[in-house]
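Each of the two complexes below includes chain A, the first together with chain B, the second together with chain C.
Coming up: the complex of A and B.
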């Protein structure tokens, strides 16, 4: 009824190539942004910010980066945790070693270092494909883990191998309160999501998708696989590196290589598979599913138990949480193998046909 | 559409699950959050700790509370993962009128929380783990590695080895293998061993084991090849049991193996049983204390009333006792704070911090609490957040632990400068300054 594009004519190239061609989508996205920027800081409490929203935003950003590589360019990577670690440790080193380094500079330089490492480990993708590439990127994970554990220069010779940062400062504004941290992460996510959305609509993005769908055919029509694959690795690693730096600086404050272990790589891969490969929105849905659902289950189960008068032990809650979480993953993948983003777009299609969806 | 309604329902349920703490907060309780590791790679070891912590708090209530203020424990499961630990901390810190003190039982979580507690004004007790340099209270205002840290454990275990050999000079030219968890937890031990190795001329062979430590074949082959004279283990959770099994398989003599504080408890050894006979571990203050008065009191006042948290036969075991001692220190700090800020009142984290900084647990007080023979006096100050450096070594006889040494004390002459240098490095990185003496009164 409301969600219908009848009568919206595109009279210029500009309007034809908009990110959101339907007016209702534009309004919706503005409302959503307004809610995220103004509404959430008014409504959420400290717990929600620090434990739920900030990790959700940062991991959304990381999933977005990974989705460019896996979802758009079709190169499976298990090295995401490693690229996050490179971003975090590089940013830390820029911060500690260069006097007066601004936060934004350190984070972006961290992303740049991750880009270099990402491209380096992307080179094998020119020869190997699919699962074999996944195994090759696994090497990045192990190498980076090793490097940050063993080479003490990276951790500024800290005896324990753990590093920490504090007194964050964004162009003179101290980033201390959870709201400020949230807005900082939100800013990064909005900027990178818009950039990524536009990038995948550009010629580079189309090259990536061509490579993903059939690399031989893409090469025949004149797309250079070297260029397409390595740019995908570069862009993806940059975003992932920035997310890693934010994870260390803003969320944890103090971290060790275990914060970016192989588990993190898998977690991010699951996010984009559940959220939807090749979809910007899907990265965010996937991150929401994987970050928020376990925390929600962990708190809802004892509350639910109390409702029916049963006290569930801490261990039982943890086990049940894992079981329900696993079952839900299987459920969503059966219901919609293309991820939550696909469910979202099916929902939108039905809205357009409402009240007679078929 | 279906998805949206599910999402909406989920949102509403989340919001409702976050609010019920408001009703409980009306009662006058001292809230002790408990970050547990009942699942995950350290579950066999972290579970007794959580049980001991909860049981002692119940005992405190059975004894009439802290000058009438009842204690309340709420658990949150971290599975030894840092990000879940941070989430738990955020979840619990404001509940039931505010958290008194956190004991994360994980070095990774401790590192992360060390950055957060100064702004939240909640003290952190990390007995035997976390940052060793946080013993320097004039830089780490909110951290309390009460009754010892990694360096105390490392120093005392070397003292024990030296004593067995007949003096420090006998260690010259010897080789000591160090099997450690390849994480901040494991690496924190190394500075003291390296310092001692420089002083006494023994050689260290570093053998890092990647987390969670169930794959150690390569490490023990190295041990077999190089035959170190002793092996010191800084292991935790399933890793300890694996190491001992591998040592048995390799034929490395167990009486040459020495664990640190986290590497010598019943869950690590009971599966290996008699084969682990001769394995020793250093225990700061307490060990397995089945005959301690406090244990008997817990059995009669908590377990016999059907309110015990874990299995009854675990009561008094090493890690259960660690939970009990941890809880006792938490409670006694609050009691000390009440002396200053008002008896019978609920102490905020800020007040409790003063209590932990001015702990004075004399032997008489400890005995009265039921810790006779379990602990020696602990007294902290503004500059010393550790309070004592006493330890003993116990040895596995195939079925249980027996004491193998007298009380040992870590050498202040060596540890103090290490702590100071490390704390100052931290302060320089963070651009912190030492607390003024006036700040000690606050």
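Coming up: the complex of A and C.
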């Protein structure tokens, strides 16, 4: 009854091509943003910020970047962790080596370096397709891991191999408390999500989708595959690089290459598949699911064991967690191969027709 | 010359073992178009099952012969792997027919997590050993030609012989038996195979069982070499470049790819590694594959990819 666009007439091209064409959606998104910016900092405690919300925001950003490449342009990449690492280490080097480098500048320059590396490893995509490409991108993963482990220049010759940043400062505002960190990450996510949403509606985004759906046909109608694929790699790795820099600077504080291992790449791929390929909202849903599920299992399993009177050892919890995680992923893929974003849009459709079934 | 040949032999041996894991990938991809990431987890699972069964059976049944224990454990582990294959077909692949390649890939990643967890829950997560009586002592070849001869690990040599026998056996199975012919028919065209009466689901169970068998052999050999532990499941990542280099659809490709990568890794580590700071084994295979793919996008022996609009 409430969620219906009846009576909302479009009187200009501008209003016809809005991101959210339905007024209720616009109100909803403003309410959501207001809640995220004002409500959450008032309600959440420190543990929630550190363990759940900040990782969720940063990984959403990374998943968003990956979704542009995989979901919109159809190029499977297993090297996301590497591009995150490039962003983090490049930002670190800009921060350490250049006096008075602002945080925002370092993070964005980190993203720019990730872009360069991303385009470099994206070049093979012009000849290699599908699963072959997926394995080829693993080359980026292993090479970058090795480079940051072995080449000490990247880590500013730190003896332990791990690097750390402190005293984050965003245009004069010190970023110390979890709330401030949360708001910083939230700001990045909002800006990039809006930019991405608009980008995929532009001619660039439509070229990506044409390449994804059938690259030969796209080339025939005059879309340059070189240009489309490399822009997808560039935009994707820029966002992923920024997310990597935030992951290192804001979430971890000090880190080593293992923080951006191949497991991270798989985790991000899971997020976009469970969330929904080719959907901005889906990336965020997927990130929420994958971040919260292990924490939930970790808390719930011992409690469940205690309920039936069995004490479950930590090792058993870890193994059971793996099993449930794997089984749930398979279950999700079978039940809803198009991801949580599809459930979301089905739900919206149902709301519009309610109370009628069809 | 001596050290060079020694490295070369070492590379050939480890390459043979990579091919064993790669073979499992190729078998499943050929028959069902699924890129089975769980192959590494299957190796670990099979090795864990075999290691623990060979420990449990003598205790349970009260005999002392090591040969008998190993044989029984091998048989039991094979049964377990066939069961796993059947369950995967029933519960996972059968439900995902007609999905895109990436969805299937992700599903096998889910299976990987599940098998890793299940294997360690059922069989424990300590380091176990498989003792199938491979000789551990090294031997020296061509002592007359080179001072000191070339050191070759006997264990590696036996492992390579087993691997080679397995490859020959599998090729015969694929070429000569009617089941093998059915498998090849399904690989060529699912629909056509089904329309002439080949039961798809049974063929898939067979293929996954064969892949489980290959995983068991690979797990047995790697396990007796390195001990059965969680790191075995990382073998999948070592075998990936091998599969891609040889071409996803080619059995001989998996073997030759394995040898090239095994030799390349060892030689590069010895001759290029020191100038780059060492440890380049990790990415050498992948970068090599990347370069080869730029020239031949379908791998060395893969079927040519033809685009149609």
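What we mean here is this: the second predicted complex is superposed on the first by the 349 of 358 C-alpha atoms of A that agree within 3 Å, B and C clash if a C-alpha of one lies under 4 Å from a C-alpha of the other, contacts with A are read in each partner's own complex, and residues count from 1 in each chain.
Definition applied: a residue touches a chain if its C-beta (ideal position, glycine included) is under 8 Å from a C-beta of that chain, and two chains touch if they have at least 3 such contacts.
Predicted, not measured: the structure shown is a model, and the values here were computed from it.
Asker: Specify the outcome, clash or fit, for chain B and chain C once both structures are aligned onto chain A.
Answerer: In the superposition, chain B and chain C stay clear of each other.
Asker: According to the stated criteria, A:96 is in contact with first (chain B), second (chain C), both, or neither; which is it?
Answerer: It touches chain B, and chain C stays clear.
Asker: Kindly classify A:136 by the partners it touches after superposition: chain B alone (first), chain C alone (second), both, or neither?
Answerer: After superposing on A, A:136 lies in contact with chain C but is clear of chain B.
Asker: If we overlay the two complexes on their shared chain A, which of chain B and chain C does A:206 touch? Say first, second, both or neither.
Answerer: It touches nothing on chain B or chain C.
Asker: For A:352, decide between first (touching chain B), second (touching chain C), both and neither.
Answerer: So A:352 meets neither chain B nor chain C here.
Asker: Does the superposition put A:197 against chain B (first), chain C (second), both, or neither?
Answerer: neither
Asker: Let me test your reading of the model: by the given contact rule, A:315 touches which partner, first (chain B), second (chain C), both or neither?
Answerer: In the superposition, A:315 contacts both chain B and chain C.
Asker: Output check: A:326 vs chain B and chain C. Expected answer is one of first, second, both, neither. What do you get?
Answerer: A:326 sits against chain C, while chain B stays out of touch.
Asker: May I ask you to decide whether A:149 touches chain B, chain C, both, or neither, giving the answer as first, second, both or neither?
Answerer: In the superposition, A:149 contacts both chain B and chain C.
Asker: On the overlay, how many Å separate the closest CA atoms of chain B and chain C?
Answerer: Distance of closest C-alpha approach: 5 Å.
Asker: Find the residues of chain A that appear in the contact set with chain B and again in the contact set with chain C.
Answerer: 149, 315, 319
Asker: In their complex, what parts of chain B are in touch with chain A?
Answerer: 1, 3-4, 10, 13-14, 16-18, 20, 36, 38-39, 43, 47, 50, 75-77, 79, 82-83, 86-87, 90-91, 94, 107-108, 111-112, 114-116, 119, 131, 182-184, 187-188, 190-191, 208, 211, 422, 429-431
Asker: Using the touch definition up top, name the residues of chain A that touch chain B in the complex.
Answerer: Interface residues on chain A, with respect to chain B: 45-48, 50-52, 55, 96, 149, 156, 159-162, 164, 166-167, 176, 251-259, 261, 292-293, 295-296, 298-300, 303, 306, 313-315, 317-319, 340, 343-344, 347, 350-351.
Asker: Which residues of chain A touch chain C once you look at their complex with the stated criterion?
Answerer: 70, 76, 124, 127-132, 134-136, 138-139, 142-143, 145-146, 149-151, 214-217, 220, 262, 266, 269-270, 273, 277, 315-316, 319-330, 333-334, 337
Asker: Which part of chain C faces chain A closely enough to touch in the complex?
Answerer: 35, 91-92, 95-96, 99, 101-103, 105-107, 109-118, 120-121, 125, 237, 240-241, 243-244, 248, 276-280, 282-283, 286-287, 289-290, 293-294, 297-299, 305, 307-309
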